[in-house]
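Once you scroll down, you'll see the structures, which are given as structure tokens.
Below are two complexes that have chain A in common, paired first with chain B and then with chain C.
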Partner chain A sequence: MPIIFENVSYVYGQNTPFEHKALDKINLTVNENEITGLIGQTGCGKSTIAQLCNGLYKPTEGKVTVDGVDINADKKNKKENFFKVGLVFQYPEYQLFEDTVEHDIAYGPKNMGLSEDEIKRRVTDAVRFVGLRDDEMQKSPFDISGGQRRRAAIAGIIAMEPKYLILDEPAAGLDPQGRDDILSKLKKYQREKGTAVVIISHSMEDMAKYCDRIIVLSQTGVYKCGTKAEIFEDPAALRDMGLSVPQITKMVYCAKELGVKFDRPLYTVDAAFEDIMKMLGGGDGSDT
Partner chain B sequence: MENIIEIKNLSFSYKDSEGKLHPALHDINLNFERGTYTAILGHNGSGKSTLAKLINMVLTREDGVIDGSITVCGKEVTGSISDEDAYDIQCRIGMVHQNPDNQIVATTVEEDIAFGPENLGVDPVEIRKTVTEMLKAVGMEGHEKSAPHRLSGGQKQRIAVAGVLAMRPECIIFDESTAMLDPQGREAIMNTIDELHKNTDVTIITITHYMNEATDADRVIVLNKGEVFMDGTPEEIFTQVDTLHSVRLDVPQVTELFCKLKKAGAYEGELPLHTEEGAAALKELLDSKRGQKCL
Partner chain C sequence: MIRDITLGQYFPGNSLIHKIDARAKIVITLILIVAVFVASSGISFAFLFAVSLVIFIMSGISFKTLVKGLKPIVFILIFTTIFQIFFTRTGNLLFEWYFIKIYSNGIIFAVKMFIRIIVLITTTSVMLSYTTSPIVLTDGIEGLMMPLSKIGVPVHDFALVMSIALRFIPTLLEETEKIMSAQKARGTDFSTGSLMKRARALLAVFVPLLASAVRHAFELADAMICRGYRGGKGRTKLNRMKFRFSDFIWMLLIAAVLAGVIILNRYTFTVFGGTFVL
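Showing the complex of A and B:
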């Protein structure tokens, strides 16, 4: 059963002069067993949605259900839901606080009241997924590099083995290889564990490469949910919303205007390479 | 052209609270010509930000051990420098940071832009003119009375740029200034940088992890483990795809595609960097293939 938003509104600072409606009656679904990308202009409510999913915020209006349970109906649901929906904030490395990396990653599972053995198993598992080295485990989180700190913070949430894992800009500020490394590890994690993963990002290239489905938010609500092909088929509409398409897709549209014909929409380098090689191979034979 | 920044045999190590040294830069030799636009790339921890912070004296001898020298506008900033000179250099070298919230200080846009010149004791009539002019330069006319926190990320960042411009700097360093912005915000900042480069003689240095943002610079410098690893035009740098991958970097998607085609023996020309170039090269490639077939 997925995460479902039904007519959810959220107002910041209600009944104050600073009242601001961040979300207005939105409906969306986060499916199990896939990677969902959440894109939208700054200030459209992406992070608000993330915090509504795990009950940190309570909708001003409407209902958020996770696995069929209204998470805000009573306190017990809420606590259960904290463990079920893991949330990794933007720049999570600033939240590390324990004396060693190992203790930091174990903090979540410990709070779940698990046995020592189980905590150890989960920490080991999470560390393997994010790719931290053994010698880093006993170090202070402040003595490892920024990229490794980011990994440790993500491992801390993974160690709680949430059924849904939501990450707000997990690759922001990392160098290209760091980005690819973290995102491909998340994909591998998703595929191995069957967890639902939601990634919020401003990089259309990353979204095209790693997500199964994309939700596009505009300033007024959910604009579109769909496959990458469905989302990137209308670059002009995305542009109006302050978004974009991957550079490779831009190039394909540009080439189309020059008269080049493509068989399908292209949004990754690998797919473009494949198709162009086919076109060069002269396999189509339809040329006159 | 005269060099606005000259860096000679520069090494720098951070000193931690226990006095232990952590090397960050090693034997850097670079000159920046006045009015040029340079992009600095490098993996996390390669020393990009350290270099920027040494240039405008956010980092000094108090923060670590400096060998060699940096000369900015003819004054050595890495040696003993008088407070007056230090102040002067910091006015000449502006910096735009990653998070605009960290450098916006006032409650309205115009007050924020006026903050710098006010502190320099500039005449109020002159400041009024400066505010209007700078808002125009970053494409934010009409926002004088807006509250910065109500603006989008890209708009806020442009206000931060206007605030730096109001100080009439001779050089601006953009330290990952687009990292927190959405695609439109990123494009707006990149356009602002392009306009500045075209219309003024301000020297521009950008530090970025987005390869697409470096292709419009005059020059690209790649740092690796605290050393200068590559230095050349965007065309010279980005066509070395494998070398860039070896230092944790990337190339624009269009370049990557043509590099793959080249390796597969399907393409022989220059590797394109930009979208339009790529589309044109592709069209030409397919046309020539078709031509061969007809023959």
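Showing the complex of A and C:
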């Protein structure tokens, strides 16, 4: 059963002079067992959606259901929802606080009331996924590098083994290598565990590379929801919203206008490379 | 939500009150506070109440805002009023029921205390917080304390510390909220459990908050050095405060109010055949 938003509106600071409607009657679905990308311009409500998913925010209007249960119906379920829908905030490294990285990762599972053995297993498992070194585990979270802290923070949520994992800009502020590393590790995690993963991002490149399904938000609501092919078929409309298709897709469109035919739509550099090499008659390109 | 707590609720405007120099405003407020505590007779209270009403109307601040600003002190207001009414044992006995005795002076003291607090809050908030931006206010305090720098008090640094503190209150509030949400998402429970448990839960907020405050401090210091900050010596201001003629008039007027209160204190009235001495 997925996460479903039904006519959800959210208003910040209701009944104050600073009232601001962030979401207006939106509908969307987060499916199980795939990576969903959530993309949109700054201020379109991406982070608000993330916090509505696990019940940190209560919708002003409408209903959010997780596995068929309205998460705001019963207050007693609140904690349970936090554990079921794991949320990694933007710049999560600033929320680390325990004396060692290991303790910090164990903080969430400990709050779930698990046994020592189970906590240990989960921590080890989460650390393996994000790729932290053993010697870093015993260090203070304030003594390791920014990228490693980001990993530790993500591991802290993964260790809770949520059924749904939502990450708000998990790669923001990282260098290209760190970016690819974290995102591909998340993909690997998703494929191994079958968790539903939602990645919020600004980058169409990342979306194309790592997501199975993409939800595009405009300032007014959900613009489109679908596979890469469905999302990227209309580059002009995306551009009007201040978004764009991946560079490589843009190139393929340009090539098409010049009369070069590709057999399939292309969204990642790797796939394009393969096709171009094939066209040049050079096999699969692996020998270059 | 934490963000609803407004600190330094400045309302930009163009009223005569807004235009008074911040230094003059601070002096005026101090004089008014003295006047409020000097007032003793009924007529001087009425006079002060009228003065604060005039100031309030001139400021163009809405009545709703003022009432909202008074909300936090409602408890103190009710508490002191009731205290005065029931525990004053002088004057004429007006009402008796078992152990409850209400005397005429109790009522008078209660009304006076009530007016005193209302006038105090109204004038200070209208004069300072509603019509003066926090930055201008710190400038004003710096200006007033400047003579102290002659005897070695680092006035400029104090003012800087104060304005930075003011500047970062909303930032840190926002950050607190964010960190609390993030820890809640990790299952932290802030509202239930034993005292130890809750203190431990708060630790998950305070440690990151402190770390971020320190980070902000270093970043700001670097940014200031990059822009050539080297302390108060020889530093000029972008917006120099000008003490105008009208500011002198204002200060004179308020000084006259204080004098008026002192004079009016001498006049008392008795009403209801001597039951009440106002």
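The working rule: the second predicted complex is superposed on the first by the 281 of 288 C-alpha atoms of A that agree within 3 Å, B and C clash if a C-alpha of one lies under 4 Å from a C-alpha of the other, contacts with A are read in each partner's own complex, and residues count from 1 in each chain.
In this section, a contact is a pair of C-beta atoms (placed from the backbone, for glycine too) under 8 Å apart; a residue touches a chain by one contact, two chains touch by 3 or more.
Quick caveat: nothing in here was measured; it's all calculated off a predicted structure.
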item	value
Which of chain B and chain C A:Gly221 touches, first, second, both or neither	neither
First (chain B), second (chain C), both or neither touched by A:His202	first
Which superposed partner A:Gly62 touches (first chain B, second chain C, both, neither)	neither
Which of chain B and chain C A:Pro2 touches, first, second, both or neither	neither
If touched residues of chain A are counted for chain B and for chain C, the larger one	B
Partner chain(s) touched by A:Phe97 [first = chain B, second = chain C, both, neither]	second
Chain C-contacting residues of chain A that also contact chain B	none
Footprint of chain C on chain A - complex, ascending	13, 16, 51, 54, 56, 79, 82-83, 86-87, 89, 92, 94-97, 107-108, 111-112, 142, 156-157, 160
Interfacial residue positions of chain B with respect to chain A in the complex	42-46, 98, 152-154, 176, 179-187, 209, 211-212, 245, 248-250, 252-254, 256-257, 260-261, 264, 266, 275-276, 278-280, 282-283, 285-286, 289-290, 293
Touch list for chain A against partner chain B, complex	40-43, 145-147, 172-179, 202, 204-205, 239, 242-244, 246-248, 250-252, 254-255, 257-260, 269, 272-273, 276-277, 279-280, 282, 287
Interfacial residue positions of chain C with respect to chain A in the complex	1, 3-4, 178-179, 181-189, 203-204, 207-208, 211-212
